[in-house]
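Common to both upcoming complexes is chain A, partnered first by chain B, then by chain C.
The block that comes next holds the complex of A and B.
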């Protein structure tokens, strides 16, 4: 591939497009739909340029490095050095951002036009800014540039979360998000300052060569701080509590962007700081990530099953999938510490491919959910149903997303989970008993998570789209989502299918990242689509592991479907007839007798009652009469599940902070003389501190 | 590869499909017959499942008014997913022409795809029974899936592969030493997975007439005609797939390792014997157990997972095997 332009020009064009999007969104009135459309069009353009730049970096060997000096001389303030540069890792995440962000921008054209009623132009403006800040985070080459872009990304996304801020829950979700994000930013700051002090540089590239010389204690601290900080952004259990609040509150195109791309920036951070800068560590690093990942996968999917708010359900699935990604990262770290870089590359490939895959199908699902929520005016699945007839396009897109996230062939989720299973199976080649047992348990955890995800998505798709409408709002839905929205969804669905059928065509995107982070390249594969196979590269034995040709599986499936369809059609007597549903010989069942989302989840709630601790309340008002307890007039029954982590973990912590704040607040007496006294006291303390602990510098 | 080999390979591939498709209703008939016999009944003829299929094929399909494209498409996709797994499993010869294209993890994925489509279709019409069957079936499947994966790891770890053909070839090459305690324990765990996945007692009663206790039957209440034929046939095919995997891994001997005529015929006959034997054993087993309460099945799946994990620990802790 020969690019006609220099990468710098592409980068500048991309940023200019995004900036135009920001400005056009702010030019007109806040409720101008036309300005919103123009602004989203600029976002589409910017994302296309971003994807082109990413492909140039990944496949064409483009690279650039832009350094900005700080006014007043960089030598005096090396901490403030700013530079943006490209490497395969940033190219990979730039591609994710460009492709998924582009598809969401296309869908936003129609989504915001029809379903967002408050200040669409402002939303479009912040949307473009959000895309640009995320691009700057992945391109940042120094600590200061990274933190600056990171903070901008967090603040912009906060404003997007609280876009519909007239509702109290939205403001509360926004506050939770803001507080958790800043706690995360503090942890990231700690890890980066430790690194900068230890290595004496703020450039990530130079840190990577020097970080090996740090003491093990410092390296452990950097690792833990990075996992806490980036894990919070990614939504890793137990730092995930902001995610199920913030994602449902935001407009759905923003949820798609946050869940599809932004939480992946947390994964990017772990790759940057842990894999690239710190490099090989003790094996407990990997086992810690593996354990947290497994915990997130199970906690995420179990919580998702209990939800009947469609967007909250999807948000919990993001926790699950981040867990799967972190399981892959943990496995890669373990393999690195055992010295088998080939297996580490396989595990890392599974993790980064799943990162891309989750970006695709989760954005698709959130867009589908956004269309249904916009059309019915509710997020409650119990009030949906039967939407498939009015919105077949959205339903089909959501179905593809649901099958992909449930790891069903021939979609992309299955490819990355298959690779991860193979990586876990690779433990048997290491000869380390603890690794074998741990990875076997991890594989079972992954299988349980994907089985439960399938359960959850049969429920989500079935209750939302199928059967008869459960409310008048659902019955009144009359038209499919706008064409641009279906177009954006089709882009994502097509990518899900393409990666599922011919994954080997896309593996080239990952090669540079794998080489840089593990030292080993891709497992062997044949480039031709329908002969592709991905054998596990087991050291020593050529035919070990598993091979697969996803293309052949897909062709066999297609042939089977055609054959079964022919069996169904050829020689059939009459065209299929529509008849009333079978009613068991009773009265025709009404929509109220359909299985509900809560009813669907009930077997899980019962088996995992130790996890959910379901609370049941029932109330009975009696008709009275001679024999009480026989005739009921009305009966109510409700059940709810607990969130012990929030109720017993975070809430006491927040209460503690509030009471501390009240105590500190007493210092603020309001009198000038008191404040002057504080200032003098501080000065004295600082002078003493300099006298005793200073001595650095002239 | 010479043209002759190519032709023979294609023929053998088609032979695998034909064996599974044509044999599967017979196995259902055998199970029913064995059950009837041990209950001192005459029972229906061995070929009754074929007649039922012929009857359903001759009938028209009816759909509920509230049903969407999901109801119409699910039976084909579900059936195709099951057929797709055929070349990835060991039948009467090795290696299968397409055996390289998928391993046992793909088989798990294809079974999940088949179940996903059936469970969605059950929700489509909006019948209460459909929802009931759907949630139960997905629930059983979700609990069986981790055990299936553990069993694959337990079977595959000594052979170093998740490919069914490699595992079986390894077993044949090892001789009697292959039948280690670890293999037997893992196979016992797989037997429980087989019962759960194919809806046999004590998990689901395929002969029930009471809607409230149904799992699979409740899901297909809305289907008729050829769609129902595909679903019933699919159920038989699914049983054949899992039973075939079970006997091929447990007793791999007899599977042809060359494309010689004698070896192939011998392999085919032995496959028939193994499958009929398994069906007979399932029939005997079903006579002796009652259907369990739905929520007790969680105990069964925990037991199965524990067995599978125990097998892996045994392999690597005690060092049984090569």
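The block that comes next holds the complex of A and C.
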């Protein structure tokens, strides 16, 4: 691939497009739909440029490094150095951002036009800004640039979450998000400052060469702070509590962008700080990530099963998938500490591929959910149903997403989870008993999570789209989502299918990242490998062939489908007869006879009752009569599940903070003299500190 | 020599403002201090051939020496503020605190190594002293009016620091400070009027009743 332009020009064009999107969104009135469309069109353009830049970096060896001047010049503290540069890792995430963000921007053209009723132009403006800040986070080359872009990203996403702020829950979700993000940013700050002080530089590239010389204690602290900070952004259990609140509250295109891309920036942070800068660490780092990842996968999927709010269900699945990604990261760290870089590359490939995959199918699912929620006006699945007839395009897209997230072939979710299993099984070649036991548990956890995810998406798809409408709102849905929305979904669904069928074609995107972070690249694979297999590196036999042939499977599947269809056409001598459905002798079947989402989830709630602690309320309304209980008119049944982490973990913590704040509040006497005296005291103490504990700066 | 003399006037004016009890005199002290700082600005501009600094000096003369004292005296007359200052700390203690400020800033600022490269850096400890004394004044006076005077004194200290460190290269910065100062004077005037209307006093202690 030969690019006619320099990467700097592409970068500037991308930023200019995004800025135009921001400005056009702000021009004119906030409720101008035309301005919103223009702004989203700029976002699409910016994302296309971003993807082009990313492909240039990944496949064409483009690179750039820009140092921005800080007011005050070079004499200012070196902590404030700002630079943006590219490497394979940033290229990979830039590609994710460009492709998924671009598809979501395309879909937003129609989505915002039809389903968002409040200030669409403002939404579009923040949307473009959000995309730009995420790109800057990924490209940041120094600590200060990173933190600046990171905070901007967080703030902009907060405003997107509270876009429909007239609802109380939305404001509350926004607050939870802001507080958690703040805590996360503090943790990230700690990890980066420890690194900067220890290595004497703020450039990530230089840190990476110097961080090996830090003391083990400092390295451990950096690692833990980074995991807490980035894990919070990614939605890792137990720092995930903001995620199931914020994602459902935001407009659906924003949910898609947050879930599809933004939480991946947390994964990016872990890769940047832990893998790239810190490098190989003690094995407990990897086991910790593996354990947290497994916990997230299970907690996420179990919570998802209990949800009847479609978007909340999807949000909990983000927790699950982040868990799967972190399991891959943890496995890679363990293999690195054991010195097995080929296995580490495989585990990391699984993790980053799943990162890309989850971005694709989760964005697809959220867009589908957004169309249904927008059309029916409710997020409650019990009030949906039958939408497939009015919205076949959306239903097809959602089905693809649901199959992909359930790790069913021939979609991309299968590929990455399969690779992850391969990596886990590879642990048996390491010869360490504790590692083998840990990875056996990890594999079982992953299997359980995948199975439960499939279980959950049968419900999500079936209850939402199939059967009869469960409410009048669902029955009134008459038209499919706008064309641009279906177009955006088709882009994502096509990518899911393509990665699922010919994954080896896309492996080139990951080569540079793997080589840089693990020292081992992909094992050599033949140019025809895409047709036959994925490479499976095994220690001792680097070119051990593939174990599964996606291309052949897909071809066979296609042949089978065509053959079956053909036989049906040829073999159908008599035309099929259509008769009324057997209705068990009742009147015409109604929506009330359908399987409900609650009913579907019941078995799991029973099996995992220790986890859910379900509280069931059932109420009978009697018709009266001689024998009570026989002639019941209506019965209501409702299940609530507990969130012990929030109730016993976060709430006491918050209470503690409030009581501390009240205690500190006594300082606030109300007298202006007291406040001024505090200022003097602070100033004097600072001056004395400067005098006796050395100066700051050069 | 003249530079040192001006600096001494600045310092002395700051210190005297701690011990003088009459508001009228405080205003004159402020004007004197500002005039001395303007003098420093002129001298430094001649010494280091930085004509921009002379502009700053002119600004100071115009604003701090003439306009702001005139505004302050009008407030004093319009609101019929009692001419005596009401202090939380005794005069003797204030005087000692002023000396403490001087000692602290000389002890802290003097040894800072990067300052050795800046010729006029000798002014910096004085500037910091003036800021600290201004802050102390603000904190220990009961009347909102004398607190305003304290803040104006602090601004003078910041001016001086700006001159000492940049020889007027930070003209934009100083213009900013000047504008800030002017706004401050106007806002405090409005504030005092409103306070007098609401509480019938300019004693800042009444604000305690606003505590949330």
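Things to note:
Assume the second predicted complex is superposed on the first by the 630 of 698 C-alpha atoms of A that agree within 3 Å, B and C clash if a C-alpha of one lies under 4 Å from a C-alpha of the other, contacts with A are read in each partner's own complex, and residues count from 1 in each chain.
One rule holds for everything that comes next: contacts are C-beta pairs under 8 Å (C-beta built on N, C-alpha and C of every residue); 3 or more make two chains touch, one makes a residue touch a chain.
None of the values given here were measured: they were computed from a predicted structure.
Contact with chain B, but none with chain C, is seen for A:444 once the two complexes are overlaid on the shared chain.
Residue contacts after overlaying the shared chain place A:683 against chain C, while chain B stays out of touching range.
In the superposition on chain A, A:673 contacts chain C only, with no contact to chain B.
After superposition on the shared chain, chain A has more residues touched by B, the comparison being chain B against chain C. In the overlay built on the shared chain, the residue A:691 is in contact with chain C alone; chain B does not reach it. Those residues of chain A that touch chain C in the shared complex are 668-673, 676-677, 679-680, 683-684, 687-688, 690-691, 695, 697-698.
Residues 60-70, 72, 75-77, 79-81, 83-84, 87, 98, 100-106, 108-110, 112-113, 115-116, 119-120, 123-132, 134-136, 138-139, 141-150, 153, 156-157, 160-163, 166, 211, 221-222, 225-227, 230, 294-295, 298, 305, 309, 312-313, 316-317 of chain B touch chain A in their complex. Of all residues in chain A, only 385-386, 388-389, 392, 395, 399, 403, 406-409, 414, 418, 421-422, 424-425, 428-429, 433, 436-437, 440-441, 443-448, 450-452, 454-455, 457-459, 461-463, 465-468, 533, 538, 541, 543-549, 552-553, 556-561, 563-565, 567-568, 572-574, 576-582, 584, 589, 591, 593-595, 599-604, 606-607 touch chain B in the complex they form.
The touching residues of chain C, counted against chain A in their complex, run 88, 104-105, 107-108, 111-114, 128, 132, 135-136, 138-140, 142, 147, 204-205, 207-212.
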